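You will see chain A twice below: alongside chain B first, and alongside chain C after that.
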Partner chain A sequence: MKSVTTRSSIVQKQWSNLKRNRLAVFGLFIIVVLGLATIFADLLTSYSPNGVDLSNRVQPPSTEHFLGTDKLGRDVFSRVLYGGRLSITIGLCGALGAAFLGVIFGSIGGYFGGWVDRILLRLSEVVMSFPALVLIMIFIAIFGQDVFNLIIVFAVTGWIGEYRLVRGRFLSLKNEYFVESCRAYGMSNLRIIFGQILPNAITPVIVSVTLATALYVIAEAGLGYLGLGVPPTTPTWGNILNSAQSIDVVREYWWLWLFPGSVISLFVLGVNTFGDGLRDLIDPNQ
Partner chain B sequence: MEKEIKLEIKELKKYYPVLKGAFKKVVGQVKAVDGVSFSVNKGETFGIVGESGCGKTTLGKCLVNLQNPSSGELLYNDTETGVKNALNLSKKESFKMRKKIQIVFQDPYSSLNPLKTVYSAFEEPLKIHKMGDKSKRKKIITEIFELINLKPEFMHRYPHEFSGGQRQRICIARALCIEPEIIICDEPVSSLDVSVQAQILNLLKDLQEQKELTYIFIAHDLSIVEYMSDRIAVMYLGKIVELADAKLLYKTCKHPYTEALVSAIPTPDFDKEPIRNVMKGDLPSPINPPNGCSFHTRCPLAEERCKIEEPNLKRVKGSENHYVACHLVSTVEE
Partner chain C sequence: MLSYFIKRLLAVIPILVLTSIIVFAGLQLAPGDPLTHLIDPMEMTADFDREALEEEYGLNDPIYVQYFSWAGSLIQGELGYSLVNGAKISDVIFRRLPATFELAGAALFISSILGILLGLISSIKPNSSIDYFGQGFGVLGVSIPDFFLGICAIQIFAVTLGWFPVGGRLEYGTEGFLDRADHLIMPALILGFSLTAAVMRFTRGSMLDILNKDYIKTARSKGIPERVVYAKHALRNALMPVVLILMFRLPFLVGGTIVIERVFNWPGMGSMIIEAVTGNDYPVIMVTTLLVSYVILLASLLVDLITALLDPRVRFE
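Here is the complex of A and B:
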């Protein structure tokens, strides 16, 4: 029982510290509201995101269609909600996948050192030396447009940050006496890495994942706008923006790009402020 | 009383390569431990002293297989299976070996994982060595908490909730919980304040009596080593320069280095003017140890011979358990 109270008291203290940071709370509020709205999209709108209605093409916002309709008469509000569902999923899964790779490589390289570490370090430098967007476009061109492929591509190109964080922590933690005493009584390397050291190294990764989520939501929007993201028939924030490529649309049909664009900006802003608040909380040195 | 040898070390060496350049060329060796031999009897405390950088800690880590010695033998006398060399064992055997020799580190603050409860710090080694089921383990841990005078209800707390002395008691208890026969104490009290030091030392002594433990006690504080040890080895630059019974060493030390160390112990006597035998210069680099006797650069008595010929550890004439590595002391060839 004691241990539970200690843990929860730490969480409580951290929460009250976080609450003092107004900007972070504001960010969390945005994330929660947008997250819930996309999850419960079915309840908020009766239009299907792919319901083509050619008699109602490019209608400006009205009481019937909150945010108007697009060139095929699809409800923009509904598309933003359903699209957000996929965009946020891609961003989050991409960030988690990247963090997973980074954590695995970082802990193994940092703990074992030697040639394993050298190979991983060189590998990370190779990945880093390519511009991320170009790399992503090449991968997409090779493996095809697909939600799953996109997540994999984000993970493969984005693990460097977490890798460096975790590797650095492992380099300093592996010489701590608590690690040596575990080795002295015969604990296996895998259990030491993942059971003993990793919990001490993981907190900065949490911050990194939040910030990377925002980054990948933007990247998805960018790719979608270029028509390189998820197949264009599936609604995502990027694909909605894709229709605003022509100058006519930008000039005449402002609701087609202003609303989805604002929602993306708002979400990214929320995630970034929350991530920064989280970092101040966890690591006041930075 | 017949003395049973528990651990014997023969010509143990640990060299670290010095690497240079992009291709990691080996340009030299750090001779951290350079040919150390001694034996430890069952139930005794074997003290190792020396200034920092002389290889005490590396030696301790070699003994628990945290560092792989470059060469040498480490003969361990197992009560069940007899004498075996602990350095070339199969994986399974060396895992069993880890249960027999445990280590207590100098810094109790970093010796416990800050994110794990003390209970789990005890449970992990028990689990790994398959000692008892869940309720049995809990019983073992409760007993060991009583042994080190901590309330068993504290065992679900986190390390930061304990004081330094309490933590060091926990570290000692953790080393003890898998019932080892030998414990290496690597400066177990040097980071604690003096009042707590005495407490820890007495605990170690009590535990030794109760559990018939064998200690290898590494420290740089001579008075503590004298209090704890039956026999003491003095190390200088990776080598043993003098080895004797504790009482003998302090009264009739032979090696000029030991003399300098012993004269540096503060005495609580105002009338007696202390005779200080202060050493000049620094510890030479272990990458490039001096030729001949490694101490000759700082030795007040050094002769021409000391600069050329390296002295071996030999028995002092007229004394049974006193060994010294110095040309200037009359010794017996064996």
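Here is the complex of A and C:
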């Protein structure tokens, strides 16, 4: 009972510290507002994101179509909302998947050391020497365009950051007295790794996941813009911007790229400022 | 120094080999007939003997023998043929490479200078308005997708104001330096923007770190002018991690180049990779990837050596 109360008071203290960082609160505000808007997209717009209306093609913003319509007469506002739902999900799942791989590899490599560690280290150097975007393109070229494939690709190419963090923490923690006493009690390696050491190593990973989410939302947008992300029929933030590849769209139909691009930038800005605030909170040295 | 160099070189070799194995595996996994990218399409006349050719190119050999012969021809510069148009991959790459080097080099140059300068300025007076401006610039740089920024720039500076051309590298038939610079400025600035932001944030952090060190206090107490303390004592040591961040950003630069080349219709390797991916031209994708990753590996080796030259502590790690 006692440990529970101290823990909640720590959370309260951290929260009040976070509140003092106005930029981080601003970031959190953006994340919450945009996140809720995409979750409750059904309530905010009556248009379907794929509702083709050929009599209302490329209409500029009006009271009827808040952000105008695209080349097939689909409502841009509705597409931005529904697209955001998928884009944020992809970014978050990719970041979580990458963190999962990184944590597993990092804790095993850091704890056991020896040849396991050396192999993982070499592997991480190989992945790091490939430019992520090219690697993602290869995956997509071979396995096809699909939401699930995209998440897997993000996870497989993005685990290096978390791996290095966790491995470093394990290297310094595994010789601490509390670990030795666990060993003396005869605790199994798995329980020591995941039950005892990992909770002490996991906090910086939270920041890392936040910033990686921002990175993957941008990556999805870039891939969608190039026409290489999720299948083009599904609305995502990237796919909405796909039409902006042609100079005519850039020149004539500014609402087709200005609004979606601004929403992406705003969301990523929010995640980044929130992540920076979180990092200052967790690691005041940086 | 020499022993450190050899140690680093030996550590890189297994990575080179592992990378090539992964790319080779990718080539094997990719759908399609391997013969089509191994031989010149002109040889595939109506009466060519498929089985004899398969035997000649070792396609019936065990997989590891195939790998070694593939790697061997790679070392000799035989990169194979494109599936889509039958062109020699090495020819295509050599034609496209200068454009990409021009763009990436300009972006790297601009962003290093601007980033270090901005970082230095905001570290002189932390938490001043200049510093907040710099930090805001830094967050914006990593938050706005570069292609979106590129589109905005095209709309504002090329379409509305007409200061720069919309895209491309050179007008047909023109050859002057000014024509080149005219086309280069916008894509290089946009590509360098996010890199500038990263370098700026890093320089600032590293400068603030160094400025708290005792030897800076000593220098100040000796009465050395503040200007000299910054430029001579602090900056030199603060730049070390900045060189490192430039190396870590290299893969991002490559990724950024791909997208920016598309936005500005720049005829470089990035456009080539996109064309290859959309056209399912697996050999081109794979070989280009391998070359790019080798360039990044060699660059990181070079950076390691420079750091070791500058900082003797690294050598005796």
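Operating definition for what follows: the second predicted complex is superposed on the first by the 286 of 286 C-alpha atoms of A that agree within 3 Å, B and C clash if a C-alpha of one lies under 4 Å from a C-alpha of the other, contacts with A are read in each partner's own complex, and residues count from 1 in each chain.
We take it that a residue touches a chain if its C-beta (ideal position, glycine included) is under 8 Å from a C-beta of that chain, and two chains touch if they have at least 3 such contacts.
Since this is a predicted model, take the numbers as computed values, not measurements.
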So, A:130: does it touch chain B (first), chain C (second), both, or neither? second
Taking the superposition on A as described, I'd like to know which of chain B and chain C A:141 touches: first, second, both or neither. second
In the superposed model, does chain B or chain C contact more residues of chain A? C
Where does A:180 make contact in the superposed view: on chain B (first), on chain C (second), on both, or on neither? first
Once chain A of both complexes is superposed, is A:244 in touch with chain B (first), chain C (second), both, or neither? second
Under the stated touch criterion, which partner chain does A:29 make contact with: chain B (first), chain C (second), both, or neither? neither
Answer with first, second, both or neither: which of chain B and chain C does A:228 touch in the superposed model? second
On the A-aligned overlay, A:196 touches which partner chain: chain B = first, chain C = second, or both, or neither? first
Is A:15 touching anything from chain B or chain C once the two structures are fitted on A? First, second, both or neither. neither
With the touch criterion stated at the top, can you tell me which chain A residues are shared between the chain B interface and the chain C interface? none
What residues on chain A touch chain B, complex-wise? 1-3, 6, 176-178, 180-187, 196, 199-200
The chain B residues in contact with chain A across the complex are 61, 64-66, 95, 98-99, 102-103, 105-107, 110-117, 119, 124-125, 128-129, 153, 156-158, 161, 171, 174-175, 178
Going by the contact rule set out above, which residues of chain C touch chain A in the complex? 14-15, 18-19, 22, 26, 29-30, 139-140, 142-148, 151-152, 154-155, 159, 166-167, 205, 250-252, 254-255, 258-259, 262, 273-274, 277-278, 280, 282, 285-286, 288-289, 292-293, 296-297, 300
Could you please specify the touching residues of chain A with respect to chain C in the complex? 122-123, 125-126, 128-135, 137-138, 140-142, 214, 218, 221-222, 225-228, 241, 244-245, 247, 250-251, 254, 257-258, 261, 264-265, 268-269, 272-273, 276, 286
